[in-house]
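Below are structures written as structure tokens.
Shared between the two complexes below is chain A, which has chain B as its partner in the first and chain C in the second.
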Partner chain A sequence: MKLSRYLRPVPIAAVGAAIAIGFAGPPVQAAPKQGGTLNFVVPDEPPSWDGHRETTFALIHPFAPFYSVLIKVNPDNPSSPTDFVCDLCTEMPTPADGGKTYTFKIKPGVKFHDGTPLTAHDIVASFRKIIFPPEGTTSARVAFFVMVDSVEAPDDHTVVFKLKYPSGAFIPALATPYNFIYSKAKLAEDIRWYEKNVMGSGPFKFVGREAGAYVRGERNKDYHVAGLPYLDGFEAIFSNKQAVRVQAIRGDRAAIEFRGFPPKSRDDLVAALGKDVTVQESDWNCVLLFTPNHRKKPFDDVRVRRALTLGVDRWGGSESLSRIAIVKAVGGVAFPGHPLAATKVELEQLPGYWPDINKSRAEAKRLLQEAGVPDLKFVLWNRAVDQPYTIVGTWLIDQWRQIGVTVEQKMEPTGPFYARLRSQDFDVTVDFNCQSVVNPLLDIGKFLSEDIGNESYGGYTDRDLDKIFEAMNRTSDTAEQRKLMRQFEKRVLDEQAHSFVTLWWNRIIPHRSYLKGWKVSPSHYLNQDLANVWLDK
Partner chain B sequence: MYQYILKRLLLMVPTLLGAALLVFLLLRLVPGDVCVLRMTGGAGYVDPKAITLCRAELGLDRSYAVQFLTFIWDFVRFDFGKSMWTGRPILEEVGLRFELSLQIAIMATLTAIILAIPLGTISAVKQNTWIDYVVRGFSIAGIAMPSFWLGVLIILGLLITSKALFGSPWMPPIKYVPIWVDPLYNLSMTIFPALATGYRYSAVATRMTRSALLEVLREDYVRTARAKGLVQKLIIRRHALGNALLPVVTIIGIEFAFLMGGLVVTEQVFNLNGLGRLFVASVTNHDYTMTQALVMLVATIFVVTNFVVDIIYAWLDPRIRYK
Partner chain C sequence: MTLAANLGTKVELADKPKLRSRLSAVGRFARRNPLGAAGGVVIIVMVLVAVLADFIAPYNPVANAFDRMHEPPGLENWLGTDQYGRDVFSRIVYGARTALLVGFASSFVGAAFGLVLGVASAYFGGKIDLIFQRILDIFMAFPLIILALAVIAIFGTGAQNVIIAITIPFIPRCARVVRSSALAIRELPYIDAARANGFSHARIILRHMIPNVMAPFLIMITAFVGQAILLEASLSYLGLGVQEPTPAWGLMLQGGAEEYAESAPWIAIFPGIAISLAVFGFSLFGDAVRDEFDPKLRSR
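What follows is the complex of A and B.
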């Protein structure tokens, strides 16, 4: 991974102090009750059941409850990007050896669902599969652990990670919810056993699954956290039509859908169910971008690219689009509200964020005139997904119409769409960046030069930008990181106008009011083991 | 008759082979790669080594000729292999969905027959009376209204009326349970999609029954029967309806086969885990083996249904079997 050379010393604290992410917080909780089965809907079914291999939330929602992880985001404070707590370890470790050694003590007495004991060796086997996948296996998160040199278990209750260099990205990477702890014996039997089988040590035991229909779990009475889980079981019901998922909550066939609904569905449910529905909202660590192809004329001209961002009224768009789509917050390259993110005043200095949209559009027209393309026409490629892709794409077309640019939107299913992006066969494309644990230092890797950023599709190489990223990841000083983040942001969004942020997503979770103990987080991947969830029926 | 049956059976072979060739080629024309999609969900970075490995594992690195011949040989042995998307046996993936799709298809067909034949007959017998107008209006509405839209209306209607009547909204279950496990639960889920689909289906069949019967009622032998003094009921039942049903049987047969794999949107509206949804998912996921298996399954159903229709034709009309 070429990204690896940029992942350099950053103390954990520098990843960002605890942030207050704006969300309508969950209601005050009463004393939890035991029992009941939680039904929830999931939009999709994952290709395999192996968390180490998969990247989709469709795996997390039905399968995370079957597994324990080493550490996780605090389920009582899931909106914080730095509040990590032990799941299988006894306490969060203090790094030694200048930040290069992390020693985790593992809880004694933890059992897998088949009754076999879970030891440090199982954790080591799992992380070796994630970090150093053997031939014939796929790990989606190798790049997250480029700083790791070795993982060892000196005894049954100790796991030691040795890093090549200290890295602030290590702990957030460990907390990634896909890092399920598997049985070493099962992996030794067949390294791909977990692709089609389930056997963890999580709060719920796997009961069964019907292809395309549901996954069922029952309470693990031997769960390693006393008193948990509260539920007797759960049923994750697959339903790929949003209207059905909304009606399922309305008709009480399901209590919740954990990914998120658009505002209209929230309003419909509130109108239909009144106090029987509770809504939790949060800024979402996902954002839609639009990226011009630097290899295609006239988008090789920075003036044309700047004009495109100057034509877009993000402040006005936030107000109008947030009523119909799952987007809301205006932000730069870093997750809004994070200490490393730009303030409103800082944003207003950047093109496309000016408070006076008329002045901004006049400048856009001037730049297009100067570049010799006053009546620019191009195709905007977009993913054929309604929320929020189509809506944001349509909005962009209208924004650009107001600076005299004519745009045709073409939409493709996910597969062909990303195949097009990889082959850079586009004028301008909508793209997205969606992460689990909020970690702007790594999340902005999306904007790096094409030979470094694995998901950078703009076709540009900007070594100055790459250097800022490297410097940001090497410094331990938060103020310096913030300063460098501003430089990075200005270079991406203004000076070189490489790629542009539209609006950050807004996660809206309307659920049946009897569902308690679940708190919304800024990612639909986080806080999904359901251990704390209970039903007030 | 045996010669007739044998001839029809032999004709199935080139039909199925043509379907196999067509689906094999069309699938490979669609851009995209199951390995990339499976590993990244479409977006994100993919290790080229992992892609090569995945393609080799799925046999996608072999020549098209070898892939096609393997597909045909496996089909002949009823070995559909594994889904490229999930890695699970296709028979296991299809089995449960087939059961549900078959149940819905049978229920919708029964709904259609129960509605279409009496209504079409009444409409023909009472031609140009107010009864005829009502039946025609009813059937035209059925043709004009897509069954998925009717499905949406049914669900909304149930939610609203149950809330008004009982204080809490009710909708059909969204998870399938086989009829022999819990008949009431099963029917509370399947009855509504069967009605929504069966209504549209019946509308076509009603129109066909009416027009076919009107044509038969003008035949000389019907006039002769009347001249002999036979009562209208007997003329319809013994002499007219059997002959008028020939085109209706065709329509019912084709629609039944269509229902087995073509209820994509209705399945989504009622969250039915049927073959239609699996079809769409397998195409979207570039799951060649699954799509090929489903196309061959539906093609076989069509071919077998047509065969059965032909046999019924021959049974209903002796001229066909003696030709």
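What follows is the complex of A and C.
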């Protein structure tokens, strides 16, 4: 009977699925074990080592374990957008002065890895660099702290933040994992010292780095949390080939990749490793955008920019690309599913989201004709990372081909790619908005005018847009916030057509089952200091 | 009958014996070097496929068709489809254009520069030759792929930069071989006679020396084309060559081909075969050309 031949894979798949789904729930609590070295793979290398400047996982994954932060998401509940715990402070403060003053008491006895004490002054120096970056430095998170008026240290153990207005976005902004606490002395010596050096107070001490190969860390015996970290050390292994990273986990050369794999890789690993692999999945506060350079012709013409978004079939793309890439949800500027995000009906009113793609493409062609560029040609700059950059970039080119636009794709490694974004040396670029704590009120800071949103690369200034953002952040009325969010979204994606959302990401983390103490979150930036991670070997 | 038509007939009549003698020369070449002839056939087929790609390819090589993704080889898609649903056969057909463009452009340009530099170095001799040769030594100290990677790191990716990246390492290699032939020619009496007649250096090099080193030059070119195709494929495989969605054989081995190697092996197998065949063809043909030009080998 041939039927058995066809049924044979079913129980295997079922067992695999059971393992994947069943084991993906809350891990059974067991007593953590000390020791061992965690090997993990990282798909890319960071442009610099300064967390205040960078916005990439390539920085967070290998370097976050070397630093402490003021507050962080609860490592036991990293998916919550409101559950924060102290790292360097002693307790979460209660806001005073009508919500405009936050006073943090700092843990005594914390030391940097060179043995010097960490005080409130180091924290103030670090946050001043983030919030009010001095001339010649770049901070990627200035827009997160638009509500902050001042940050002071009245003594060695107290940090006081004074806000211009009460804002629910302030605490999530503080919990951003890039807010590494640096040594005030090192910053005074050279404000850019941390771009090429490491010296923090985190659970691991920097051992070494080989360009293109690895970053190594060893246990910080003087870590300010007793008993942590559990690991003796870690090795972050760089590999930009996804197939190599999957094989590294399969062959147990690495236990995990913290960023995420596409569905096919998950299925391959589950089929090959069975109970030795655990899968954790989550929605992902990360989205690929494409941004035209407003300073370059013909992209200074809003009709051309609108045509580019009208040519893209997001609904169809979601269905197809989710099978081969780490993207899935169709959404606007806010994290899909969040109360502030657009509903499907609201989205369908925006260009590029119309349910009738043929009508949309006809309108795109009309606009290009009207703008005098019916045979538009340009270069799409993209980041040389397979998932999902190459796939989404290639898909976009095919979408634009269908409205008569010819596009050449040029890929660059992370360093040169960021340099190009920052120098605005592009026609159109694949861009991204990946944030940590889900907080759409601040996450959309990406779209602000270039002099306010430090990650805004489109080369535009739109004061009306900035005003909507500020009004949204000043009000605590959710209904009003939602209304303003729709205005903001319409202005960015439709009226001014500044920058465009493609598809939101879907996070899939298959890892070796012996890795414990790490929980998936909606961001690949969160919960990465590895302090609570241990190996059940 | 018009004058033009008459002239045309005369030309045709005059060409017939030439054509016949060329065909018989090709026949002799094929009899003496059957493997080289096989290589030549591969090259001719490849060139025809590249030139006639628009007529041969059944599908647009860059058009996504997600409803047909990962289709195995069959009647509709002879060599299957990739992860974007693109027809693998059509991409291989168009990929021949990329391979030949990069292969021929980098080989001819690299070899031409090498030819001029090599002959000039031999002709002038003395300190100029010494300095030239030490510079060439520096370039030749690097393996081909390393030098190409360095050039790509400076200029960036893309077909044009790939051609530059492959051209540069070819220059010293050709120059070195050509120089050794030119050194012998420099000592011949007709070069002395040219000098005695007051001919310019450029005239002596271009009119009297270069034509006499064409044999090693042509051998180098045929060898370079195969190497260039392989290099282009290697760079594209590393993500440093031409970029998606351009059809290119090395690029087809990257990304999806690795990820789906087990479930959709045709994505990697057929471009791999195309690269092997092309390199094999140029290699066999190059060997045969070398044998043909080398009197010692030809007499065997």
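Here are some notes:
Rule of thumb we're sticking to: the second predicted complex is superposed on the first by the 305 of 537 C-alpha atoms of A that agree within 3 Å, B and C clash if a C-alpha of one lies under 4 Å from a C-alpha of the other, contacts with A are read in each partner's own complex, and residues count from 1 in each chain.
One rule holds for everything that comes next: a contact is a pair of C-beta atoms (placed from the backbone, for glycine too) under 8 Å apart; a residue touches a chain by one contact, two chains touch by 3 or more.
Being a predicted model, the structure only gives us computed values, none of them experimental.
Judged by the touch definition given at the top, the superposed model places A:G136 against chain B, while chain C stays out of reach.
Look at A:K241: by the touch rule set out above, it reaches both chain B and chain C.
Judged by the touch definition given at the top, the superposed model places A:A419 against chain B, while chain C stays out of reach.
Within the superposed three-chain model, A:K344 lies out of touch with both chain B and chain C [touch as defined at top]. When the two structures are aligned on the shared chain, A:Y214 is found in touch with chain B, with no touch to chain C. In the superposed model, A:K359 makes contact with neither chain B nor chain C.
In the superposed model, more residues of chain A are touched by B than by the other of chain B and chain C. With both structures placed on the common chain, the touch criterion links A:K377 to neither chain B nor chain C. In the superposition on chain A, A:Q409 makes contact with chain C only, while chain B stays out of contact range. Note: residues 240-241, 243, 416 of chain A belong to the chain B contact set and to the chain C contact set alike, using the contact criterion stated above.
The touching residues of chain B, when paired with chain A in their complex, are 30-33, 36-45, 47, 50, 53-54, 85-88, 92-93, 96-97, 152, 155-156, 158-159, 163, 168-171, 173-176, 268-271, 273, 277-278, 281, 284-286. Residues 41, 47-48, 53, 55-56, 136, 138, 140, 142-143, 195-196, 210-214, 235, 237-241, 243-244, 247-248, 250-254, 272-273, 383, 413-419, 432, 454-455 of chain A touch chain B in their complex. Chain A makes touch with chain C in their complex at residues 240-243, 246, 262, 264-265, 268, 316, 319-321, 323-324, 384, 386, 390-391, 393-395, 397-398, 401, 408-412, 416.
Considering their complex, residues 62-64, 66, 69, 83-84, 156-158, 239, 243-246, 255-256, 258-263 of chain C touch chain A.
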